[in-house]
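In the two complexes that follow, chain A is the common piece, with chain B as its partner first and chain C second.
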Partner chain A sequence: MNMEAENVVSLANVSKTFRDFWLRPTVAAVDSLSLAVRRGEVFGLLGPNGSGKSTTIKMILGLLSPSVGEVRLFGLSPRSVAARRRLGYLPELSFLHPFLTAAETIGYYAGLCGLTRREASRRTRELLAMVGLESVAKRPVGEFSKGMARRVALASALVGRPELLVLDEPTSGLDPISTKEVKTLVKALAQGGMTVLTTSHLLADAEDICDRVMILNHGKAVAEGEVSSLGTSLEEFFLAKVGSVQDFALAPFLR
Partner chain B sequence: MRPYVSITQATALEVLSSPLSLLVLLAALAMEVFAPVFHYHQFGDATRMARDAAISALFTCGAVFAVFGAIRSVRREIETGTMEMALAHPVSRSGFFLAKAAGVAVSFTVFAVAVIGIALTMFAGAAVGGAIAEETAQLARVYGPCVAAGVAAMVLPLVLAAALNRFFRFRFTLTAFLLATAIAAVAGVSSMFLAGGDAMRLVPAAVLAIAPAYVLAAAATAFAVRFRANAAAALSGVALVLMLPAADNYYRAEALARGGTVPPAYVALALAAAVPAVVGFLLIGIHFSRNRE
Partner chain C sequence: MRAFLGIFQLELKALSRSRSLLMLAAASAAWMFVVPRLVVGDGTAEGMREVCLGYGLGGVLALVTVSMLAAATGSLARERAEKRLQLTMVRPVRYFAIVAAKIAALSSAGAAVLALACALAPFCAGSASNHRRCVHVLRPLMPSPREEAKAMYAEYMKLPDTPDAVKKARPSTVLRLLATRAWDRYDTVRTNAVAAWRFPAAAVRGVRSGEVSTRLKFSNTYNARQDVAGELRLGELSAAVSNLTQAVLVFPLADRGGEAGEEGVLSFRNLGKDALMLRPRRDVELLIPADSFFWNLLRSWIEMAATLTLVVAFGLFLSASLGRPVALFTAIVFLLVSEMSPSVVEQYPDEFGATLSDRIGLMVARTVAEVSHPISSMNPLERLSRDECVEPREVAHAVAVNAFALPVFLALLAAFILPRKQEN
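Moving on to the complex of A and B:
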């Protein structure tokens, strides 16, 4: 079987160095990273703050260009519109237009996915029901709590029926019940054949939903493996790879 | 095409929903309605005052509306991350930028319709009222309804929008803006019955004031992609200063006061200068958005 076709996302020796106004290098956020996300799996990108997770996600989404190496999304450049047509994205913070209502927000992203007005309207109703926000569909999202905004953002990520769902800290800001609902939803989507790429600080959450994880530290991959074959809890595995709990907490300051 | 239409609609909605936009519109209408009032009885130059106030309001408030509408909309997208969200969808960077610029242009067009509507009303009132005043000294009989229409275009939308917001949760600022535009447009069309086609002499002069505002809107949208709000506003100011030498030609509008009109060839010339400038700034904006990280 063609492995390239099986890989929804692939990074080959990718590095990303940020530069200042004078083009002097400031931060090496990602260093010689190679990874592959296979079709139909839930892949977790784990690591302490500043380990390069969000930069990696942004390169996969085509929002940042790698300084070195190659990123492919569905075998195409991540900047290609055709590749992004098959993608749904939930950012770490719920980036929403505060002046739009919940229904208008989902309708707006349906429009960006190219859905017709009728399809967009039907899909919006479906998704509002799925995330339990039908009763507040006509309220501006600027008035929403963090958790409600998160649900709108999740619905917006799913509006185009993506083949790949990229979730950056999906349970951030959610209460325990909503967290459980999101995890159940992600598992259901994965069972339905959707590929999921997620980042998380919450190792218990990652352990619950991921098939395979990669641990990043200082922009480098320090470990990769199937969750089911770790032979230990993900937390113990993580700490063994990243260092002590203190190192984990202090990692961003020690660089 | 649908993704870009969605971005244009959302941008126009955002700009028209902004309290700053409503304030600028009300300021422009107030300039048009009240600036000429006290001169009508004193200098006997009513049409000139009405025309000058209207063109000034359109040019100054239009520039503020276009520049700040564009900068606020683009910078908010960048700083709150909604641009990232949009670009993670099947939307090209240049298409996103052009759709934003189109949204700003649409919202400025709505603003211009409102300002020109009241300008036509006041110009017609001054033209007809001035003629009557010379014969009968009853200027207020004609001019009064024109001022009333202008005041209605400012006050009535606020009252109605407040009621619609209270009872039906309509957006206050957007509703007020659109109602003001509708009232001004109706008043402008009605003024043609009052003054015949005379009021329409103002339109070519208004086009001369609108053209640089579109150029500024394109410039501000482009600069906002690359620079922070203050720097983008400053650079837009520089663009305005560079355009000002051409603005002295607006005194061709003097022809209006003598009962003439701005020559169509001159309007065509002004548009021929504005279009390449808009295209140039849009190309700069496309370059900035493609290279933005």
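Moving on to the complex of A and C:
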């Protein structure tokens, strides 16, 4: 089997160092990272804050270029239009245009994906129904709650029928019911053949939806494996690899 | 194309739903009606018309330019700061299309407000405006001042009177000085002498008696006003020149018989007591009837819209490269300096004898004047208010350069910068 062709995302010895105005290195966010996301799997990128998850995601999306190493998306440069045509992205915060309605927002991203007016209209209706926002389709998203805005953002990510869906903290800020709905949706999409790359702080969520995970710490991969073959809970595995929980000095605040 | 249209519509929706466009249109309409009535004219209908067109449309042009510049400098920078831009950039859309669609949207919005002001202009300037005709302004066919400067250079440097500082200066500095002199060079017409200037024969061929006029701006070494007498002749047409004032004089040329002059050559025989001085590049013009005020207004609008497109493209280029406040500040400073620098360069054509700081200031002013020449050289409103034709050739140049070539270049630069700016 041609593994290269099966890999939707591949990073080979990728490092990313941020520099200041004078090009002096300030932060080494990712260090010699190699990973491969296979077609059809749900891959979780886990790690504590500042571990390099977002930087890695941005390099995969083509928003950042690696200082060293190579990132390939469908075997192409992430900045190529052909690679971006097969990609859907849900950021950690929804970042929607507040003056657009829900239908206009999804229609706008449908236009960016090259859908015709008729296709865009049909796809918008489908997605609004899927995320349960048909009744508020004509309301400006600026008036939406965080959960509703998140659903619009998710629908926008799916509008171009992507082969790879990149989710940055998909359940961030959602109530338990919405969280469950998102997880169910991700599982359904994966069963339909979509490849999903997700980051999460919530290990229980990752455990529920991911086939395989990689744990990052200080920009390096500290562990990688199938969730089903861990032999322990993901939380225990995570703490074992990343370190113990910080003991906060609470005493002064409890007097 | 769908992506381009999507971004174009989004930008227009942002302007209209924030009511910015409505406010701008309302302010422009109010300006067109109110401001000309607040400004005191010279009491004549002609003066009032100049105030309406110059201050009215000029004010709206300034308002729209600054507003669209502010919108352009904020557009990409704000979307980047609010992280909306990355959602567009991960879609299958070329970065160039993102910038180009925003340029098209903002310049279309600005052009629409300018069109509204232009539509109101005939009402504000008086209904007589609609029936007026504009004129082509022709100047003598001569080598350009720069060409004349090149021809003079070697001889000038050998002259014993040429100052040592000039002889030691760089050729480009001396050529600039000579070009300025060539632009202002006088022809002296002594009593009973004839001065002649060639005009494009095709442009003056077939003009009928009474249709063509000559505009002259006389001066001499001693007086600002003097008795001028003489005869003008263009082909078979002629005019007697007799006036006691020294202001700008317009003489209609008519068929009065007599010996026909050479085709396309305007001659002036000085029959007065004193020698007269004329700067052929500035003081001698032929006025030939063109089309109506309406068409001239339309051409002025196209030229203003083209210039606005360039301003918007510049704003978006800055927005792609810098944060919003810095981009806006840079754009406003550049706009102000570009407005001032041509007059600085005109007043101080050379830096001989200047201090180092003055030389640096002049160098900056000259560089900005050259860079901003496409914007500063386009001012159709002055000609519109004087009923001088905004030439179609010039409008075509404005569209090709200001509305197309330079914005495309700036959009390509912005598209190159966009992904690199995400690195910060």
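Everything that follows uses one rule, which is that the second predicted complex is superposed on the first by the 246 of 255 C-alpha atoms of A that agree within 3 Å, B and C clash if a C-alpha of one lies under 4 Å from a C-alpha of the other, contacts with A are read in each partner's own complex, and residues count from 1 in each chain.
FYI, a contact is a pair of C-beta atoms (placed from the backbone, for glycine too) under 8 Å apart; a residue touches a chain by one contact, two chains touch by 3 or more.
Here the structure is a predicted model, which is why all the values come from computation and not from measurement.
In the three-chain model built by superposing on chain A, chain B clashes with chain C. Legend: residue contacts after superposition of the two complexes on their common chain; A:138 is shown touching chain B, with no touch to chain C. Once the two complexes are overlaid on the shared chain, A:114 sits against chain B and chain C alike. Under the contact criterion defined above, the residues of chain A that touch both chain B in one complex and chain C in the other are 58, 61-65, 81-82, 84-85, 87, 89, 91, 93, 95-97, 99-100, 108-109, 111-116, 156, 160. Residues of chain A touching chain B in their complex: 58, 61-65, 81-82, 84-85, 87, 89, 91, 93, 95-97, 99-100, 108-109, 111-116, 138, 156, 160, 166.
Residues of chain A touching chain C in their complex: 18, 58, 61-65, 79, 81-82, 84-85, 87, 89, 91, 93, 95-97, 99-100, 104, 108-109, 111-116, 156, 160. Within the complex formed with chain A, the residues of chain B that make contact are 2-3, 5-7, 9-10, 13-14, 17, 80-82, 84-92, 169, 171, 293. Touching chain A in their complex are the following residues of chain C: 2-3, 5-7, 9-10, 13-14, 17-18, 82-84, 86-94, 419, 422-423.
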